[in-house]
Structure formats: C-alpha cells, structure tokens
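Common to both upcoming complexes is chain A, partnered first by chain B, then by chain C.
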Partner chain A sequence: MAGKPKRRLFKRKQKQLNRSMAGNTLLFTIMIICGIFMALPLVMIVNNALKPLDEIYQFPPKIFVRNPTLENFTDLFTLMNDTWVPFSRYFLNTVIITGGGMVGHVIVASLAAYPLAKHKFPGKSILFSMVVLSMMFSWTVTQIPQYTIISWLGINNTYAALILPAWSFGMGLYLMKQFMEQLPDSLMESARLDGASEWHIFWKIVMPNVKPAWLTLAIFQFQQMWGNTGSLFLRDEELKPLQFALQQITAGGVARAGAAAAVTFIIAAVPITFFLICQSNVLETMTTSGMKD
Partner chain B sequence: MSKVKTKKMTLVQKRMRSGYMFILPWLFGFLVFYVRSLIMTVQFSFSELTMDPNVGGYALESVGFDNFIYAFRAHATFKQVLTTSIGNMLVDVPLITFFSLFMAMLLNKKFPGRFLVRAIFFLPIIFNSSAIQSAMELSEAMMSGGISTMSSELSSGAGTGAGAVVSIDYFVDLFMDLGLPMALLDYVMAAVQRINDIISASGVQIIIFIAALQSIPGSLYEVAKIEGATGYETFWKITFPMVMPHIITNVVYTIVDSFTESEVVTLAYNTAFKQFNYGLSSVFSLVSTIITCVILVVVVGFIQKRTFYYN
Partner chain C sequence: MKAKAKKNAVDLSTMTEAEQIAAKQRKLSYQIKRNKASYLMLAPYFILFFFFTVLPVLMSVCLSFTHFNMLEMPTFVGWKNYIKLFLEDDIFMISLKNTLIFAVVTGPVSYLLCLLFAWIINEFKGKLRAVLTLIFYAPSICGNAYMVWNLILTGDRYGYLNGLLLKLDILNEPKLWMQTEKYILPVLIVVQLWLSLGTGFLSFIAGLQTVDKSLYEAAALDGVKNRWQELWHVTLPAMKPQLMFGAVMQITQSFAVADISINLAGNPSVNYAGATVVTHLLDYGSTRFDMGYASAIATVLFMLMVGTNKLVQKVLGRVGE
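Let's turn to the complex of A and B:
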C-alpha cells in the first residue's frame, strides 16, 4: 500500500510542511477503507428507498438499485394520509422538539459554562463535579423518577416534557467549559477595560470565539433530540415525533417495507444535512481568530 | 483607603452576582430534572418498590442494604457483566481517543471532497438512533430473504474483499513465540475484534478534535514553519500540547458514551422494565456509576498533570 507511488495524487504539495507522498497515500488508503465501511449503511438506505418492492425482497440482495422509482415515497404519503395524523404533523413535531431542545441547550449550557470557565466563585468545584457525576449516570434507567418529576411539574403530554430536560443536561456544559477555558484571559480583560458588561462580553467576545464549540454542540444535541421517540411522555398522537411514526410503520412488518425504507431515508437525511451546514460554518469562521499578539 | 476597598468589594460582588445569573437557568433545570431523579434513584436502591395500579402510583418499603447484598452475592450475571463492560471500556477509550485525533488531523486538511468525507465519518452517530436501527434491521432481514443472517451476508455482498483471510491465530502464535507479553497480545486482539465498534463510536470525538484543531492560532504554525520545524516536530510541539485539554474532554466523553451503551445499562434496564425489580436496577446503575466515576477521576487526574494550558 505504502510503497512508492508512481504518480502524484495531490497537487497541493507546497502548502504542506513535510510529508512524503508515500505517507499521504497510506493515510488516504486507511481513510478510504474506513470510509467505505461507514458509508455502506447510508448507501443502503438511499438505495432501499428507491427500490421497487420486488427488488427489496430480492435474494441474494443487491446493494444498488436497478430500476429506481419514487413508489415508496408515494406509498408512504398515501399510507400516512389515511391515518388521522398526517405525515407533515409528525415531521413538524420532530422539528419543534429538536429545534427547541437544541437551541435552548446550546444557550443555557453556554451561559452556565462561561462563569465556570472564566470566573472564580464559591461552590464552583462542587458544581462542576456534580456535572461530571450526572454525565456518568445512565438516564435510561431513571424513567420512573423522570416521569414523576415531569408529572409533578404538570408538563406531561406537552412538548416541554421533552424539551426542558434537554436544556440542562451536563454534556453541553462540560464541552463548552472545556473550550472556553482555552480562550486567552486578555481578550476578556481588554473588553472589561473598555467598560463592557459581562453580558456583552459573553455575546460579543466569548461566543463568537468559541463558535466551533457551540456548532459542535448543536450537531451533537440535534442528533440526540432527533432520535427521540418521546413514547414515555407524549400520549396524544398529534404530538408524537417522526421516529415514533417510523416505529409504527416498521412494526407493520413485511407489507410496509417500502414505506419504512422511505421514512428511514427522510429521518437519516435531515441530520446529515444539518451536519453539513454546521461543519461548513465551522470552517469559514475560525480561520480568523480574535488574537493579534 | 477604606473607601477604595469597599468599592473594590462591590465590583467583585457585582461580578459574582452576574456570574450566578449566568448559571441560574441551567442550575434550576439541573436540580429539578437530574439531581432530583438521582436522589430518587438512591432512595429506590434502598427500598423495595411496588406498583399500585389502583392509585396509579408506587409504594416504597425500606429494605436497607438487601438490594446491594443480593446484587453482589446472589445475582447470577451482574458481577460478570460489570467486569466485561469495564474491560471493554478500558480497551476502547485509548483507541478511540487516538483514532479520532488521527482522523481529525486528516480531516482538518484541505483536500477535494473534504465535506463529503467528514459527513461520512459522522454517519455512525446518525445511525445510532434506535428507530433507524430497527428500520435497518428490518430491511436487512428482508434482503436476506427473511433469514436473519445479516452482517456476514452484507459484507460479502458489498465486495469489500473478505476473500483471502489469513487465520489470525497464526499471527497470535507467531507473536507469542517471539516472546511478546500475553497481556499486550490480548489487548491488540481485543482492539482488532472491536475495530468496527471503535470506528463507529468515534464520530463525536472526531468533531470535538476538529473544533479543537480549528481553535489553534495559525500564527503558531507560521512561526514553526519559519523556524524550520519538521512536520513531526510541529505535531509534538504545537498540535499535541494545544489539543491536550480536549483529549481530556474526549476521554470523558468516550467513557460516558461507552458506559451508557454498555451491557450493565442494558441489564439494569431489563431488570427494571422486564422483571419490574426497580430497587435492584437502581443498585446496578448506582454501583456502575460509582465505579465509572472512580475510573474517570483516576484517568483524568493522570492526564491533567501532563496537560499544557495556553494561558
């Protein structure tokens, strides 16, 4: 693999410091191999969504579709239109839950992370160890306490039952704190000398400088919320998210296979798109950092 | 003099107050949703919980340490599952951390099609959601004609070269004859067997490392280049120290992640919601949480000593 490559694979040689072509070839070969394995499920999802029913059941299975068709999607929509909750409603629910949970979590966690990273106050270390402890805990097991709390607050069977707990999860706080600690103190000091309030410093200096961090957090939280079926807290059918609908469709088994493939495609496509948008933003902004010393 | 002092105090106090204001919304939610249910779980672990369908609630009866004693003395699989999970975690954490740092450095470079490649490495996280997985299992089952022999069928169908596999036992014997320590070999074997898990568990870590690499000031590399540093030196003198704090972040995340998906959690979940033994299930999750915390404190303490902070 590594050998002596006969042709030049990449033109950008002068930009890199010192790396041999052999090294490059080796690294990219590893990356391609890993990438193929990771991309395989996606290729399958896309192709399955486009396969007509007889090709889905074909044995031995083929990865790639022969006669692509949009039949599965039309099937899905007619199927969902017959039920009393339309497909668009499920989709809207997911968007509200995911969006609310994500935006709230990023803001609340960043707000809390700023003093933890850059200020000294009594109780700081206790608070921070509580955060780490809470991340260790497996929350899937605590469904009974969670349910008790949600009904105690009276937000059972509302969007808030899924959105509010997501806001104060420990992971985001931890991530943001780690990144804010890296910011040079002199940035905030100079803003303070110019008379900026802490609120101003947070929004105008800290947040723009840790943009890669909170975009990462947004991606992470988006994925967490997107996968939520909400079956524990949501009872009304018109409040349930798309993931729940998918479970219902796949529970329908063999007859619904085409529709299930179409929903899987839709559910997988949105987070990937969101990820791509966020990642391109990370790259554009961080080339110019605030430091000039 | 005293006037100056009081003025300074108020400024500090003012800062402190605004600091608390920043934390307040988060802290409120944290106390309500998480601390409370943590306390309730501790409570459950010392009692026997019975559901009361007439009232629609539950009744607690204190049983002292009975649940703990049962978990360690009498339960058939708990100790074994616990040690396996911890063992897997110890194998995974260093591998995932270094694999993701390595991948992040590759993905941080400019090359054609980079967005696509990055997205591909993010895919496993998306496929982790339970709904998608159940759908995938359904489609795989259909593809194999109702016979649920999925993964082997799939990989051979993909033509990813599973043809000429050399028996791995041969290499193990060879290395043992060479006198390599058995513990090392076991580790490498475990790593090789879990390579798919490792790759698919490192999506978030790669993103965190990419964000960390992006935050390194470009001027540092410029200086290094002017001074004539080699790529190797630049990595060890600039990149590595600068991402060191995020190695801690990633180690913590990896430990958390591999723990929340470990068999102990599955066991606790099944105990609670299939056998309806909530007290025992609370014991399982508490014990494993405490053990993970101890591991975390040791590991992070070890790395923290060697960490370089830019300020």
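Let's turn to the complex of A and C:
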C-alpha cells in the first residue's frame, strides 16, 4: 500500500528520471558545436549544386551560394538525354539491383540469424564465427576468385551477379543475430506452447520485435547497393545502374563542373531520403515498444 | 588366463568405443532431424555465403602461396610471398606502421564517439532527434562525402582551409596539405574520425531503443542517481550485443582504411606517408596485377584483425562489471 503512490509518481515523471538541467544544457552545447562540424560538408554539397559556374571557381571560396540557380540540374538533364541507352533504363536497373539486393538480404540474413540466436543445434558456433571472421578478409583480393565463381555459375552479366552475393553479406546476419539474442526466450516459448511453427514465430513474433534492427540494416544495405557501379560484373550497358551513368557524366572534366556538382547532390540525396523514411520508423517503434518482454 | 582377460577387456573397450561413436552419430542425426527447421532457415543464407564468401576467401589464401599475374595460371611458390613481405618489402613495413597508428588512434576514439553521440542523441526527443541523427550520420551516408575534403584541403588559394587561413592572416602563402609528408597522416586521421559515425553509430542508436524501459525504473529504485551512473549500470550492460557488433565493425574499418588515403593523398602518396596495408594491397592487386602477393598481404591483415578482435571481445566482456 505504501509503495503504490510512489510508483505512480515515478510513472508520471518517467521522462525526467535521473536527468538534470545542467546536464541537458551541457549535452546540447556539445551537439551544436560538433553538429556544425559534421554538417558543414553537406551544406557545401547543397550550395555547390546551386552555384552558377563562375561562383564554383570563385576566390576566395564562399561556402554559401549568392545567386542560386538550377542551371546545373538543367545541364545535367541535357547530358542525360545524350546517353547511350535511355536514362530511364539506368533508373530501372538501379531499382531492381538496389531493391532486390536490400529486401532479399534483410529476409535471408534475418532468417538465418534467428536459429543462430535462439536455437541449439550442432555446428552453430562454427557457422557464426565463420560469418564474423569473413568480414575481416579484404574484399579486394576475394573479388577475383568471386569473379571466377560467378562466371562458373553462369550468372555473369546478369542482375543476379550483383544481387545474390549481396544477400550473403556478413554484416547483416551479425547485426540481426545480436538484436535477436536480446529477445526474452519466454516470448517464443509461449508461442511454441500454443503450437506455432518456427516459421510463424520468426515472422509474427521475432521480426516485429526487432524492427529497429532490420530498418537499420535496410539503411546499410541500401547505401551499399546504391553505391555499386556494377562495372566488374555487368558488361551490357542496358544492365548498368544509375550510379555508373552518373559517374560517367562527372568524368567529363572542367566544363562539366556544374553538372558534376548536381550529380554529387543527387548521389547523396537519394540515400538520405531513404534514411529519413527508415529512421523515422525506427523512432516510431520506440514510442510503442512498451509491450516488449 | 590373465592375458585372455586382458584381451577381452581391450575388445570390450574398443567395442564400447565403436558403440560410443555409433551412438554419437545416431545422436547427431537425431539432432539434425529434430533441428530440421533451424537448418532450413539457415540454408538460403549459408549456401550463398559458401559460394560468394567462403570459397573466394579460401581461394585467396591458396593464391597467397602462388605467383599469379591474372593472365597465366598460378604457380606454387611456397612461403616466398610472405618472406618477401616481411624481409624485403620496406614499403609494407611503412604501411603496416601507418595502419597500426591509424587503428590505435581512430579505432578506440571512433568507437567511443559512436557510443557517446548515439547516447546523447537518445536523450533528445521527437523531430529534433531525427534531425540530429541525420546530421551526424550524414558524412557516412553519401558514399564519397570525403571528397568534400578535397575542396577544403586543396593546396592552392582556392582551397577552403587555405582561403580561410589566408584571410585570417595565419598563413602568408597556401600550404600543400596533402603533399607535405608531416601533414598527411594527421589529416587522414581527422578525416577518418569525421567519417567514424557510421555502422556502429546507427546500430547503437537502434540498440538504445530496444533497451527495456522498466530497467531504468528498477535502477532508480535501486539508487542510481544520475544519467552517467545509469549509462554504466543499466544501458551499457543491456546493449552488450550491440557493443560487440560495433567493435567488430570498428576493427574492420580501422584496419582497412584506404579510400580516403588514395583519394586525398594519392597512391602512392608523398614518401608513402599515407600508405596503409590496404593501399599497398591495392597497389599490387589492381595496379601491378600481382594477385599472389596481394593475397599474402590480405592474409596477414586478416590475422592482424582476428587477433585484435580476440583482445577487444575480452575487454568488452567486462563492461558494466
């Protein structure tokens, strides 16, 4: 009885638990100072994209644009019309490669992470340490053997040459396994008693409970796939992604400095947009995850 | 009589041994059958993993014992690549030294920065927090954001840094930041630290959100007084899986630094002041097409990372104790 009002008091003041005003101010100041340092190059990307050519080569260099113009973007769109294959084709390729590589990886890696985190079976620790160790081997030298294997499997010069290896990246499995490990066993045990299959438990109980993890993984994988030019495995121009076409444009030298600034902006803006969509959902789960455990 | 008994005993013991093995096999096959669901779930990932990662890594390790120029078939040369690497290759020694400096400085600092900023951001609420996350993660999200540093560090009067320092009369003439030996490594370390809020940082942010909120209430009742105590006694122990993950990612990043060095200082850089193990590897792998030697470098780097990982995991095991 005596404890009751005390608990209620805590509930109401939950957000202020163990927080001091001085601490908040200190942290806020740190964040502002560091934030300026972190954001500065981003500010440059945006401003450069809006600068007319004469301002790009101005001395002393100004960070902020004075006469903003969309000239760079119109230049870029003109250049886009001159490409070997229609620009929409590059766009479609990117949607297939980035989308396929990301969605497939999140599913396949999560599916494998669940038994590694929550089941007991022979061979478990060997499989897991293989994945962790694999991340420490430089991909530069494995690329050549990988190329041999991809040719041998007959998937060279297809989307699969980029998508299938991406499904087996080590980082995603490791990340998902670490988050699933934190789930209390009781969560799965009660579902098992109700007769749910392991597949059902994985899809309906485990995955919703580790939503912040797979949304974060989606961000990583999107970035990875978006940055891939595919130049090693894709020969046909019709299969190449947007990233490849955009980088060809920037390779055009001084005359294209304006279009190049627009390209830099687009290459950064797309993953940032995706990041914001995912991250706002991560934040949302936080406010509703009171039912964990 | 005695000898016979002894022989019997031996028979008996070998029989039981055979039986034991048989029993073990039966048990194993029973377990495999019982764990059918587990193995089916693992199958898609690990089949692909075997083809696209395990096989290539094993092939690379084999290649490190060969001479292979990517045109002719590899020829076996034994330990020759490794002997050359450690006894004759002076540049490898420079790059190894640079990589170790890099890893020792940026590794722990980056890791702590990731944790610190993830934790501070977690203190903020709502939209402000989403914006802060974006700002701090932004350098990592646009693949080659470090190219912006080229603008900052350009050696002529047009570089942002030179421009600023000239305007403030700190310098009389522009400095060639990336062509001067003594500036290269420190500048690269600064850029790397700026880039450090990446994979680990985001996974910490996600990890902080999965910490059970009731733990904080319980801790407050147990006498945890401020946010710093809360961090050490509640948050960090609850986040151990993410801390482990972040550490492995940090190791793979700190030891594999190459892109920023090549793009900002060039490869080879002035007097190899910006050379790292991976730039050296790239030099042999993609410029000189000596894949055998490049594979040997990769294998040595791998061993270095595995050793560091063992050490770091041991240290992290003590968090919150």
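Operating definition for what follows: the second predicted complex is superposed on the first by the 268 of 293 C-alpha atoms of A that agree within 3 Å, B and C clash if a C-alpha of one lies under 4 Å from a C-alpha of the other, contacts with A are read in each partner's own complex, and residues count from 1 in each chain.
The definition used in the following text is that a contact is a pair of C-beta atoms (placed from the backbone, for glycine too) under 8 Å apart; a residue touches a chain by one contact, two chains touch by 3 or more.
It should be emphasised that the depicted structure is a prediction, and the values quoted were computed from it without experimental measurement.
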Joint occupancy of chain A by chain B and chain C, clash or fit: clash
Touched partner set for A:137, first chain B, second chain C, both or neither: both
Partner chain(s) touched by A:72 [first = chain B, second = chain C, both, neither]: neither
Which superposed partner A:272 touches (first chain B, second chain C, both, neither): both
Touching partner for A:44 - first (chain B), second (chain C), both, neither: both
First (chain B), second (chain C), both or neither touched by A:212: both
Contacts of A:202 with chain B and chain C, given as first, second, both or neither: both
Partner chain(s) touched by A:257 [first = chain B, second = chain C, both, neither]: first
Chain B versus chain C as contact partner of A:146, first or second or both or neither: both
Shared contact residues on chain A - chain B and chain C: 10, 15, 17-19, 27, 31, 34-35, 37-39, 41-42, 44-45, 57, 59-61, 63, 108-109, 111-112, 114-116, 119, 121, 127, 130-138, 140-146, 148-149, 153, 164-165, 167-168, 170-171, 173-175, 178-179, 181-182, 197-199, 202, 210, 212-213, 215-216, 219-220, 223, 226-227, 264, 267-268, 271-272, 275-276, 279-280, 282-283, 286, 289
Contact set on chain A toward chain C in their complex: 10, 14-15, 17-20, 23-24, 27, 30-31, 34-35, 37-39, 41-42, 44-45, 57, 59-61, 63, 108-109, 111-112, 114-116, 119, 121-122, 127, 130-138, 140-146, 148-150, 153, 164-165, 167-168, 170-171, 173-175, 178-179, 181-182, 197-199, 202, 210, 212-213, 215-216, 219-220, 223, 226-227, 264, 267-268, 271-272, 275-276, 279-280, 282-283, 285-286, 289-290, 292-293
Contact set on chain C toward chain A in their complex: 28, 31-32, 35, 37-39, 41-42, 44-46, 48-49, 51-57, 59-60, 63, 70, 117, 120-121, 123, 125-126, 129-130, 132-139, 141-145, 147-149, 151-152, 157-160, 163, 166-167, 194, 197, 199, 202-203, 205-207, 209-210, 212-214, 216-217, 220-221, 224-227, 229-230, 238, 241-242, 244-245, 248-249, 251-252, 255-256, 278, 281-282, 285-286, 291, 294-295, 297-298, 301-302, 305-306, 309
Residue ranges of chain A touching chain B (in the complex, touch as defined): 10, 12, 15-19, 27-28, 31, 34-42, 44-45, 48, 56-63, 108-109, 111-112, 114-116, 119, 121, 127, 130-146, 148-149, 153, 164-165, 167-171, 173-175, 178-179, 181-182, 184-185, 197-199, 202, 210, 212-213, 215-216, 219-220, 223, 226-227, 229, 243-244, 246-247, 250, 253-254, 257, 260-261, 263-264, 267-268, 271-272, 275-276, 279-280, 282-283, 286-287, 289, 291
Residue numbers on chain B that touch chain A, as the complex places them: 15-16, 18-20, 22-23, 25-30, 32-38, 40-41, 44, 49, 58, 103, 106, 109-111, 115, 117-132, 134-136, 138-139, 142-145, 153-154, 157-158, 160, 196, 199-200, 204, 207-208, 210-212, 214-215, 217-219, 225, 229-232, 234, 245-246, 248-249, 252-253, 255-256, 259-260, 264-265, 268-269, 272-273, 278, 281-282, 284-285, 288-289, 292-293, 296, 309-311
